[in-house]
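Starting off with a structure, shown below.
Chains: A, B, C, D, E and F, in written order; residue numbering restarts at 1 for each.
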Amino acid sequence: MTNGRIPSGIYGLDRLIEGGFRDKTANVVVGSSGTGKTTFAIQFIMHGIENGEQGLYISLEESPSQIMEEAALMGFDMEKHYEENLFFIHLKGQNFKKMIEEQLPALVKARSDYLIKTRVVVDPLTPVIWATPDQLEQRELIGKLFYTVKELGVVLATVEEHAKPGETIGEDVLIPVYLSDGVIHLEYYPVGGAFNRTLQIIKMRGTKHGEGVYPYIFVRGAGIVVRSAPTEVEEVKPGDYSEVFDRAIKTAQSMNAPEHVIEKIKKIRDNWQYPYSPEEVLEILFDSFKLKR
Amino acid sequence: MTNGRIPSGIYGLDRLIEGGFRDKTANVVVGSSGTGKTTFAIQFIMHGIENGEQGLYISLEESPSQIMEEAALMGFDMEKHYEENLFFIHLKGQNFKKMIEEQLPALVKARSDYLIKTRVVVDPLTPVIWATPDQLEQRELIGKLFYTVKELGVVLATVEEHAKPGETIGEDVLIPVYLSDGVIHLEYYPVGGAFNRTLQIIKMRGTKHGEGVYPYIFVRGAGIVVRSAPTEVEEVKPGDYSEVFDRAIKTAQSMNAPEHVIEKIKKIRDNWQYPYSPEEVLEILFDSFKLKR
Amino acid sequence: MTNGRIPSGIYGLDRLIEGGFRDKTANVVVGSSGTGKTTFAIQFIMHGIENGEQGLYISLEESPSQIMEEAALMGFDMEKHYEENLFFIHLKGQNFKKMIEEQLPALVKARSDYLIKTRVVVDPLTPVIWATPDQLEQRELIGKLFYTVKELGVVLATVEEHAKPGETIGEDVLIPVYLSDGVIHLEYYPVGGAFNRTLQIIKMRGTKHGEGVYPYIFVRGAGIVVRSAPTEVEEVKPGDYSEVFDRAIKTAQSMNAPEHVIEKIKKIRDNWQYPYSPEEVLEILFDSFKLKR
Amino acid sequence: MTNGRIPSGIYGLDRLIEGGFRDKTANVVVGSSGTGKTTFAIQFIMHGIENGEQGLYISLEESPSQIMEEAALMGFDMEKHYEENLFFIHLKGQNFKKMIEEQLPALVKARSDYLIKTRVVVDPLTPVIWATPDQLEQRELIGKLFYTVKELGVVLATVEEHAKPGETIGEDVLIPVYLSDGVIHLEYYPVGGAFNRTLQIIKMRGTKHGEGVYPYIFVRGAGIVVRSAPTEVEEVKPGDYSEVFDRAIKTAQSMNAPEHVIEKIKKIRDNWQYPYSPEEVLEILFDSFKLKR
Amino acid sequence: MTNGRIPSGIYGLDRLIEGGFRDKTANVVVGSSGTGKTTFAIQFIMHGIENGEQGLYISLEESPSQIMEEAALMGFDMEKHYEENLFFIHLKGQNFKKMIEEQLPALVKARSDYLIKTRVVVDPLTPVIWATPDQLEQRELIGKLFYTVKELGVVLATVEEHAKPGETIGEDVLIPVYLSDGVIHLEYYPVGGAFNRTLQIIKMRGTKHGEGVYPYIFVRGAGIVVRSAPTEVEEVKPGDYSEVFDRAIKTAQSMNAPEHVIEKIKKIRDNWQYPYSPEEVLEILFDSFKLKR
Amino acid sequence: MTNGRIPSGIYGLDRLIEGGFRDKTANVVVGSSGTGKTTFAIQFIMHGIENGEQGLYISLEESPSQIMEEAALMGFDMEKHYEENLFFIHLKGQNFKKMIEEQLPALVKARSDYLIKTRVVVDPLTPVIWATPDQLEQRELIGKLFYTVKELGVVLATVEEHAKPGETIGEDVLIPVYLSDGVIHLEYYPVGGAFNRTLQIIKMRGTKHGEGVYPYIFVRGAGIVVRSAPTEVEEVKPGDYSEVFDRAIKTAQSMNAPEHVIEKIKKIRDNWQYPYSPEEVLEILFDSFKLKR
């Protein structure tokens, strides 16, 4: 079933989308400020790199060093891969139209000769949308951008959204939603409680996808973890979970898990400050790396 | 009662619209991203082709190969009929106004000499709407488009919608809704549960149509199946339903069902991963092909 | 009380508006797609023709043949009266401003010499509204149109509406509502059940009118039937009601009902596929034709 | 307390506004289609005329004959006073700006020499509002109009409103509401029942006014009757109330009520078709004419 | 704590704002039609005058005589102080931009030489807002106006508002709210009952202010009285409360209250027509004038 | 965990954002009128100054003296540091575009040579937003402003908001929210009660932040105090809490708290007029200054 599917790297997501994204598709992550769109994008691209793929990060707002610094705060070491198999295009302040219509196609043409798999991130796509209120022009610009970078591999674009009350998805992001092959919607209601961050799959062409509302959490060192069922996590006082982690590490080693997986578990252990046991998160992780306990 | 009615090919829909669409009418399928509008369109046109009709697919967004690839993922083999009795017009990036006013009429004139029945799909109509915010111009463009292609046979156009909370149908799709002979509304609320995809018939000229809210599901290999009553499907763990399918295949053979119907049932069998028995879907299918058990 | 009132032809409506419309008034039927505005208009004009009046159908969208074909599907034989006492003006694609300001007055002047009563339909008025977003210009155009055709007799204009949630009537139809003498609002919520089509009388100058929400149904062969009280119709499985119809026909004949009334009852009989008895509808019909049982 | 107050003529209203309107004030009646704004205006001006005052009816939409015809249908004989002490200015299709700035002041100057009390109606003010979307220009035009006609006496202007759900008063009528001395809001929800027409007093400068929601009804022959408390009227089948009326007429005669009051009661008697006793309405009437039983 | 605070003159308000307004601040009273903004302004300015201050009333809509007439109806004798220590600037129809930028600064400069305390009213500020929809221009005009008149003393400006349902304060008054030092919001829901007029303090720079919803009433002869707690006033039939008033007058005299306070109580007595005892209002009054019983 | 974090100075906030703001980030405080945005900004900058840092206050509305006067009313002595280590740039009435693009970078360049830590306040950012409705231009202006001043240290900008009902954050402040590294949302509902002022953290890049709704209060002499849990404060009558304060002062002294902390407690004592004990506030204070009792 997962033939040709490309794992997203977002823990717990792939089992909702038949194993991953389809190759050469453009997927959009939509969410308001603070939902973790950039974390999603970094995690997606780093997953590829850790598995021998290349990554192209088209940044339209922050500089590569800012992005790498934020990645580090979340536990991702982008620096190590910088200019090796992780490349940046920083388009701040440029003329999008010209860039998208002339420069980008040339760049992509040059890269596409290599046979190595490439993941592309456009983060955020928002400035292209804001470049013009004219829907037709937006459609042409974004259509061309998607068309061009899909040549390289799976594309993930992030979009800032401002949904009005009651809307499923913001009216302001209609064009990228319409032009993409897949749409993932992140929501964040800062009102406390265990379910204030949720993920929905709005569309995923050619894919039988999960149709629920899935809670997700941020785990420093791992990234976004999507839980497939909204069952309550027992909230207890933070305790010492090193034993749980050590057991998990030993199990992983006994299954010959690759080194970077072991390191990821160690990082999570060192950063774990949540008031509940990491059991469920570790289980989703093992599942993601196809380690069967 | 079904005199002159053209079966839609959407399983379970025809019994809600007196047997099918009226010939030479323009029908619009309206829905937001992820509701399955393209699946609807592909299923409609393939049903005609499987029954000896011709199909004309006017695509305003994706290329024929992309459409055919997605069709394949859903279990429709469009390639087999490509350029035989399935024809494409791909209008990406063209000047709609000129195309609709000059080229299309010429094209249609050329085709309409043949006496063979033709189904026309316009998927999606959205770029024509977005081409101008001026309602009067929209009306002229879409009016002319419908007028032209209705000459060939039944027309099905898909429209992306962004309904605001509480609206029956999006304000942005008012013009095609107004100008069409029939309007089918698809809705998708990604909140889990068995009834998060529903279909309503907004209008159907000259037809006494169903006036309810009908749940529908996607069945890989079959397409959209509309259920006529919102009774709960018992959700159980996926089981082995091969026996149910084999019995259905035998029954169909004993009734001398055409080969493509048998193949469809086999395809559904191979793709069945739903947590409930396929009995109801098979029943709607038999009903659609007028096989009485 | 019904002095000078002109029966609407809509079964069950006249008893809500003191017997019918006032002569030389402009009345507007407002409703969203699929509410049956054109059915309302056809039924109104045919009622006059069947009673020896003339009808002028000003069509701004469909051709006379399309309208007559749809009328036939609903059980109205317009063809028989075509160019005899039923006349069409088809204004598709014309310059409304010029037409309304110059041609129409001349046409009306020519007709108004005849002494025969005339009903005028403008179906739909919508293109005139959409011709300009400028409220002042709309007001002048529609004001002049109403002023001109009211000279001939009762006018009925249909208007497509897109009401936003909670509005009594759509903001987009404010001008024709304001300029007319009477406004009838049709609503359709496709959610199943017996009361998903309702009629309200928004205003009716110089008339003490019903102020409720009245359900209505479509009866093929008869048209729209307005029920004066929202009492539940018992929904049962469709049965054989030929006996009920035959009794009604005999009763009508015994009361010397005109031939076209007898034929209407027969047509309803041949098309009756509703899951309940036609008793109530027949009663409203008898009442409309002033046949007292 | 009623020193200098001018009775409105609307039965039941004056006791809510300290006896009537203040002289030389501009008062606005706001309501959507079908609320009875014109009835309100006619009743107001006729009350003055029946008591020896003059009336000036500035009509911006219908002709004097149309207005008088509708008045007759409601039981007001305007014709009798036409050009005697009831005068019309019909401004249909004129240039409001020029009229308001030049002609009207001259006209008013000419009239204001007479010492007789004059009531002024502007019905409807709506075309002045629609003449321009520019709030500043609206303000100048309406400000000047009010300023000019207030010189003659009490002014009553009607305004068509389209309130959005939840608004107390429509945003589109903000300017006349702001510029007037008093605002009366009429609402009509055509949903059946006894309280679907209500009146509220939004503002009344220098007046301690009722602050409730008051139901009102139309009584053919009398006009609008405002009920001061929303107590349920017992709905019974229409009966024969001639005895109640005859007793009322005798009582009025014994109190030396003027002839036109007696006639009004007779007219109401002849038109009474409501399913409840006229007791309450007669009481409000006696109260309005200051007849104490 | 009340050092330098300037009593508002609105009975019951000062105890909610640490004793009064701060000197040389601009305060805005926002409310829809009929909330009593002008009453608020008149009461504020008259309070200063009765205590030996000067008042400058900048009127942008009505003439000084209209304002004084309305003040009289509410029980305020402005005439007595006219041109003595109460001055008017009437800006009707003038060019606001020029006035605010050139004339007003000159005027204020001339006045500010006098050492006497001055209260400034701008009533209503609305025309300045409506003079332009451009927020930047509004900001400059109103900013300059506030800046100029704050030189004289406390400023109180009234603003007409049209809040949409659910908004705390209207979007149309955002600029004056933003530019002022204090904002008081008046609301009026004409639905009957004891709490249909309420006051809220939206902001008050440098002041610890009440954060509740406070009901207020109009008392002819006194003006606005703000109640600090929403406890129910027992509604009884109007009675004879002269004894209560006489006792209050005697108490005031025994405390050597100034003559104008005694007169105010007498005026209230003569106008009292409310269906409950004036005890609470008298208590708030005594409190305002710092008379301890 | 707090490595490199810069304490906000807002009592109770830092424990919600991993110890403080990250250096060289732009943080936005969003709130409607009266939420205390300026208090927030003053408290933030004064905290740095009291700890030996420099402060740059970029004021776009009020003059330095107005800001310092208001600060004094809240208990902050800005005057003492004026032009010593607290500097002002007052941009009232200037051309923002030119200032932001040319002058500010030069100014910042000049300052950034010094090695001393600097906090930057932009209060309010609102005029930059209102300078143009064009989102793209807003984005460039604000992006450049943030980019420039982030060079100096942590930036805190305040933004006036007008959220529509149901929105998490106002649509009008989308651009600064999008461009900033952190967003804190203040809300104020003037409806009385203990929880009518609340704070939420909308986003905080690279930070695991609190995701609840946190009530906050103003304490004259201290400023804003954020409570981490919405537990009810027992409301009692104001009492004499000097003993509580004296005990707190002694404890602080015994822990060798710096002099300015002792002074702060004394100021709070002198201004305490709340109807409940200062225990909780003192605890948050001690916690903020890292004094462990």
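Everything below uses one rule, namely that contacts are C-beta pairs under 8 Å (C-beta built on N, C-alpha and C of every residue); 3 or more make two chains touch, one makes a residue touch a chain.
None of these values were measured; they are calculated from a predicted model.
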Partner chains shared by chain E and chain F (touch criterion as defined above): none
Which neighbours do chain D and chain E have in common? none
What is the Cα-based rotation angle between copies chain C and chain D, on a 0 to 180° scale and rounded to a multiple of 5? 60
Mind checking chain A against chain F and telling me if their interface is mostly the same residue numbers on each side, over half, or mostly different? different
Give, as an integer number of Å, the spacing between the C-alpha centres of chain B and chain A. 33
Express in whole angstrom the distance between the two chain centres, defined as the mean CA positions of chain B and chain D. 57
Tell me, which residues of chain E touch at least two other chains? 164-166
What pattern do the touching chains form: line, ring, star, complete or other? ring
Could you give the sequence of chains met when travelling the ring from chain D by way of chain E? D, E, F, A, B, C
Chain A partner contacts - residues on chain F that touch it in the complex: 135-136, 139-140, 164-169, 171, 174, 177-179, 183, 185, 200-208, 211-213
Okay, in this complex, where on chain D does chain C touch? 32-34, 38, 61, 69-70, 73-74, 93, 126-127, 130-133, 160, 162, 164-166, 188-192, 196-197, 218, 220, 273
